[in-house]
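Pasting in a structure now, in structure tokens, and then I'll have a few things to ask.
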Amino acid sequence: MHIRIINPTITTSWEQESLDAYRLAAAPDTEMSITTLEQGTVSLESHRDLAVVIPGILARAVEAQDEGVDAVIVDCMLDPAVRSARELLDIPVFGPAEPTMHLAAMLGNRFSVLTVLGSLVAMVEQQVDRYGLSRRLASVRSLEIPVMELDDDMDRTLLVAIEVSASAVKDDGADVIIPGCTCLAGKARLIQAALSDRGFDVTVIDPPSVATRTVEAVTSMGLSHSKRTYPSRAPKPYRWPGLLLPT
Amino acid sequence: MHIRIINPTITTSWEQESLDAYRLAAAPDTEMSITTLEQGTVSLESHRDLAVVIPGILARAVEAQDEGVDAVIVDCMLDPAVRSARELLDIPVFGPAEPTMHLAAMLGNRFSVLTVLGSLVAMVEQQVDRYGLSRRLASVRSLEIPVMELDDDMDRTLLVAIEVSASAVKDDGADVIIPGCTCLAGKARLIQAALSDRGFDVTVIDPPSVATRTVEAVTSMGLSHSKRTYPSRAPKPYRWPGLLLPT
Amino acid sequence: MHIRIINPTITTSWEQESLDAYRLAAAPDTEMSITTLEQGTVSLESHRDLAVVIPGILARAVEAQDEGVDAVIVDCMLDPAVRSARELLDIPVFGPAEPTMHLAAMLGNRFSVLTVLGSLVAMVEQQVDRYGLSRRLASVRSLEIPVMELDDDMDRTLLVAIEVSASAVKDDGADVIIPGCTCLAGKARLIQAALSDRGFDVTVIDPPSVATRTVEAVTSMGLSHSKRTYPSRAPKPYRWPGLLLPT
Amino acid sequence: MHIRIINPTITTSWEQESLDAYRLAAAPDTEMSITTLEQGTVSLESHRDLAVVIPGILARAVEAQDEGVDAVIVDCMLDPAVRSARELLDIPVFGPAEPTMHLAAMLGNRFSVLTVLGSLVAMVEQQVDRYGLSRRLASVRSLEIPVMELDDDMDRTLLVAIEVSASAVKDDGADVIIPGCTCLAGKARLIQAALSDRGFDVTVIDPPSVATRTVEAVTSMGLSHSKRTYPSRAPKPYRWPGLLLPT
Amino acid sequence: MHIRIINPTITTSWEQESLDAYRLAAAPDTEMSITTLEQGTVSLESHRDLAVVIPGILARAVEAQDEGVDAVIVDCMLDPAVRSARELLDIPVFGPAEPTMHLAAMLGNRFSVLTVLGSLVAMVEQQVDRYGLSRRLASVRSLEIPVMELDDDMDRTLLVAIEVSASAVKDDGADVIIPGCTCLAGKARLIQAALSDRGFDVTVIDPPSVATRTVEAVTSMGLSHSKRTYPSRAPKPYRWPGLLLPT
Amino acid sequence: MHIRIINPTITTSWEQESLDAYRLAAAPDTEMSITTLEQGTVSLESHRDLAVVIPGILARAVEAQDEGVDAVIVDCMLDPAVRSARELLDIPVFGPAEPTMHLAAMLGNRFSVLTVLGSLVAMVEQQVDRYGLSRRLASVRSLEIPVMELDDDMDRTLLVAIEVSASAVKDDGADVIIPGCTCLAGKARLIQAALSDRGFDVTVIDPPSVATRTVEAVTSMGLSHSKRTYPSRAPKPYRWPGLLLPT
């Protein structure tokens, strides 16, 4: 099985780290590759950013299916372009947030999502609404660390993540924690252990791992999204500069 | 007051008809202009179509604000790019669906939306969810007329719209009808009269008219969307062909 | 267009101030008049108060339609008698709260309502439930100033309103503020500016202005409430002292 | 214990029948009395009718508490004036609909309400919303018999009630039936037996009986409504003709 | 009328106290008896505990119906085995929580439940969800007193219950309090008086009393649960040690 | 990895078939074993049946963890004893319904569940409520074939399943089908192909496969349920015949 990760930005330097995050939970015989956008922006933090990367994601998704891969993951907690890509593709398409939030709802009563920026809180809340899981959301909490400092001092970032998670448990009643920042990929067990040391017996889930396992499962069962919900659309004339757009 | 209508397609032949639809309910001193996309596709009937027009809509929206207009309306019942445009602009931005559905919720117990294609039904249902009005939705019903025949035989299209509306009232319990097809713009009174003749005392609302009046009201009261929900985002490097993209 | 404001109390001294509040956002050619109840009580702060003013409001509403006005606004944030008046009238009838809350839901993620008395909080919460907008409510907060002191020291009242609004934003996550006290009519911009100075970029909405603009819009589009939801009722014998009651 | 039934109309001829309906399930030592309005209308079938009877109900309710009765029931499935009477009284006040719908929700998965007129369906649906029980509502169905014929041919009325109930079970999935027409008071067992003969093992509940038993229970436990939800309101000047109004 | 209380544990020493709690609100001619399980565990504080007592409760319930009693109450705020017992019996079966929560929803806007252990909070929240009353729940709060100390120092337990109730009113907005700990049975009036002294005019409800009155009411009206929701199941082979199990 | 399937009945003849159903989607190196109850009943079709098998399931679950297996699946679409087993175990415990319904919610807008008996419909609806997925449920539909005939004529059973699925799509708007009858395990692709031939492009999901893949994923990621939601309970005295019960 070959899974294509789409890095939904133009920042190629993230490729290796992303690939490693998704590979972490992959089956031994799962092949994974990553591709970056030619057009778009450097990171995704707003509706505007989503708008300028979606066409590029669709182009990469169609390209992936044409190349014969078995499934596609879009590497961003906002699950960008997943619905539109499903109209264009027959193979499974997932982002990390939707399967992680559904798993969280299965493993405990309420979950909290950690995000980097306060300005993303409303976007994540609306995403939870869209997935129909609002009753199960304890809170969306922001780390409030400037993005540029996140990687500089990974120890401090982790410490803040643990503090914010502890508050989510104590004050918001979270039973499950979703570290929804790329910088925390692969750190779920570490955060869970630290919370356990403080007496909080909660489950902490790693979104890239859940995405990989969900896509492997869906693909290996021969399943995909319902074409009744995401019907294939007839080709249509379009005018677009430069990039070969999916029709 | 100057309102800019953005035709979110590359089909310039619709400009006059659209402008007339939005002008219908405008105050005498409201100036209205329309602009069409340079890049995108010919009509909007899928998530894919939305994806390829949103960047162009944003470009037109930023251009409109730069030119000093007072408000922007995106002319499509899917309200495309409204949330992302609100991050980029300070002036009010609306599509026709959101204010029309809220008004419908105020004028009666349940509303039904008429759409052209069966494949749009799920998209409109999810839109109603997103606006938080699901409890007030009676049904989304499709006219099931091939798009190309809609304008060819306007009499037949109207007759079908009346039949489908009557079923929405009788079978789904609709109290208010929203004719959500562009081809029915300006026909609300006519449909309401025909339904009244059949004994159905329901209200039929014209979405372009509601959009114009809502935008006029919001603008004249000196209001706009909350920047706390739609914060202005810092400029960001992007790579994009041809078109001057909003940053 | 002639809009009749119904002051739903027996306190005639409020007439000029109310009329000014509703006129603020009116179109130049909109005629506005106000009428006060003959029977009822001096102010509306409870279910009991509503009970004793509703018959009088209905009498005034029927009188207004008989005199040929085009629409009716009942001047109270509890929207008293709106549903029953709609059964009796064919012309549009609105209170200020319903259109203001729907507009707030369109302009931001969550809204807070300011009210004068703590004992009104539960009534406003139930009103939001009734309009189906509970998911969008951040909070209902009371100014906790004795009514008699509200007008005495308008500067202090404004200051308190700004403080309470700031708490609604910080602690309850409000994106939009609705000053639901009559004494704050026309002060929305001022409060919004003060909140902006403190770093809260929220939208503040003036309910009387929204009511006027909504009624103007609905009337000018030739719309009214659905008679299927609010059917005209057959005349009926009634026994009632003094006042000519609507049948 | 003395329970006062308030007949919320001016139709004195209904007194004996109503009193008998509420007495049916009363404890042997419960005293019951009935009072009819001096001012109001002949029957309750609309928001307008509610408006003109509420002041009279409040007057009768205050009078009842002053006379030392232990509890008050307002005899109408629309539960008119219950909330406002609770502000004025310390003793329990109930209508038949609220406790019957809550009991229905305890005895089965979904309930249907039978009503007389199609024009009452929306009012009953909104009432179920207000009580927070919408998820448990299978349907509101109307008998569609002209009111004047209801009593004329009681056999036919019963037959229609049984037919409509059977449809509610088969087509709407009702597990519990609430005969919400005064004319069906005391017929619950009969309807249940007839449905059972047709193979529908559902429970049919008599609203006046439930109201009596609930009020007896609440009163004998020394309980009443929460004054935090229904605070006593300060007396207030009012102007009202003829009738001594509650202050 | 004869009501059988089932003590859903193997702790016989609780029998007299339980019987007294349920008798408190019973009609003079209501006979009450209690029975304890032969197999099970000593108290109910977890899903596991429920699992091991349910077969024994069913055996006692079938035995009760066979002995000719008129109704059954299972004495535990988790309402254990109520749904499965309803399949086996034709007579009414209730636990104390469901009717108490529905009554609380009728007497005020929001209710809070007091429980003994923090680990029961999530179980009670899910119970409220199951009864469809989440919108009306203010909070579930735990006394946080070790179970063994509850009865030792009843004065302290009461004091803590009053403190926790006061917080539920102030901080969570509760209008009605449900003391959901067995140790507080019969203390509702006392707690209500203490809260009233502190200025909190809320209603406090005694669950065993409500259970008794509800079961008396349902039984005396000749009602029971809907067999469409709880169909009688065909007998079935089973293998079970020792105890004669219900088939 | 070793997954233990618990057959929650005393019917040993189902063991091989069940094991094969769960093995179908297992990774090559996943070991699977099955165990049957010593005490309980022959099949699960009611709340009563659940009551008499849960203690036996718990005993088998504790035994499985003691033997060192990595995860437990309870083989029944009612997910019996999953919550109570999670209190007793640290390793993951799942039934097939919960992960299948969550996956269905990810793959399309609305899902329908096929069940064998009409009397199970209400139980499955309440299960969907409990998982918080009611908005995404199109319908629960019963095959209405006597259980004993299900296996006798597998061709006819399949044909009926396809017919009922087609109705769920056409009449209830299902986008995803969950064949929730054990007899249809492993037939998802076949049903999907047959529906596709009739023009219904929906996704059909095999619950045992989803259960296996979910449990493999959760286990391999080192995750389990949140002990905050399912706390380990202190050992407790119990009295129980024959079988060594979990403490």
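Letters A, B, C, D, E and F mark the chains as written, and numbering starts fresh at 1 in each.
FYI, contacts are C-beta pairs under 8 Å (C-beta built on N, C-alpha and C of every residue); 3 or more make two chains touch, one makes a residue touch a chain.
All figures in this text were calculated on a predicted structure; none of them were measured in a lab.
The minimum number of touch steps linking chain C to chain E comes to 1.
Following the contact convention of this document, C, F is the list of chains adjacent to both chain B and chain D.
When the C-beta contacts at E-F and at B-F are tallied, the pair with the greater total is E-F.
Overlaying the C-alpha trace of chain A on that of chain E calls for a turn of 120°, given as a multiple of 5. If you match contact pairs by residue number, over half of those in A-B turn up again in just one of C-E, E-F or D-F, and that pair is E-F.
Between the CA-based centres of chain B and chain C the separation comes to 28 Å, rounded to the whole angstrom.
A straight line joining the Cα centres of chain A and chain D is 53 Å long. Shown for chain F are the residues that touch two or more other chains, namely 109, 122, 126, 129, 135, 175, 229-231. Taken as a graph of touching chains, this assembly fits none of the simple shapes: it is neither a line, a ring, a star nor a complete graph. Across the whole structure, chains are in contact as follows: A-B, A-C, A-E, A-F, B-C, B-D, B-F, C-D, C-E, D-E, D-F, E-F.
Contact residues of chain D toward chain B in the complex are 122, 125-126, 129, 134.
Chain F contributes residues 109, 135, 175 to its touches with chain B in the complex. On the side of chain A, the complex with chain F involves touching residues 25, 27, 94, 98-99, 102-103, 105-109, 131-133, 135-136, 169, 175-176, 189, 200-203, 205-206, 209-210, 213-214, 216-218, 220-231.
Across the complex, chain D meets chain C through its residues 10, 38-43, 45-52, 54-55, 58, 81, 83-84, 86-88, 119, 122, 126, 129-130, 229-231, 233, 236-243, 245-246.
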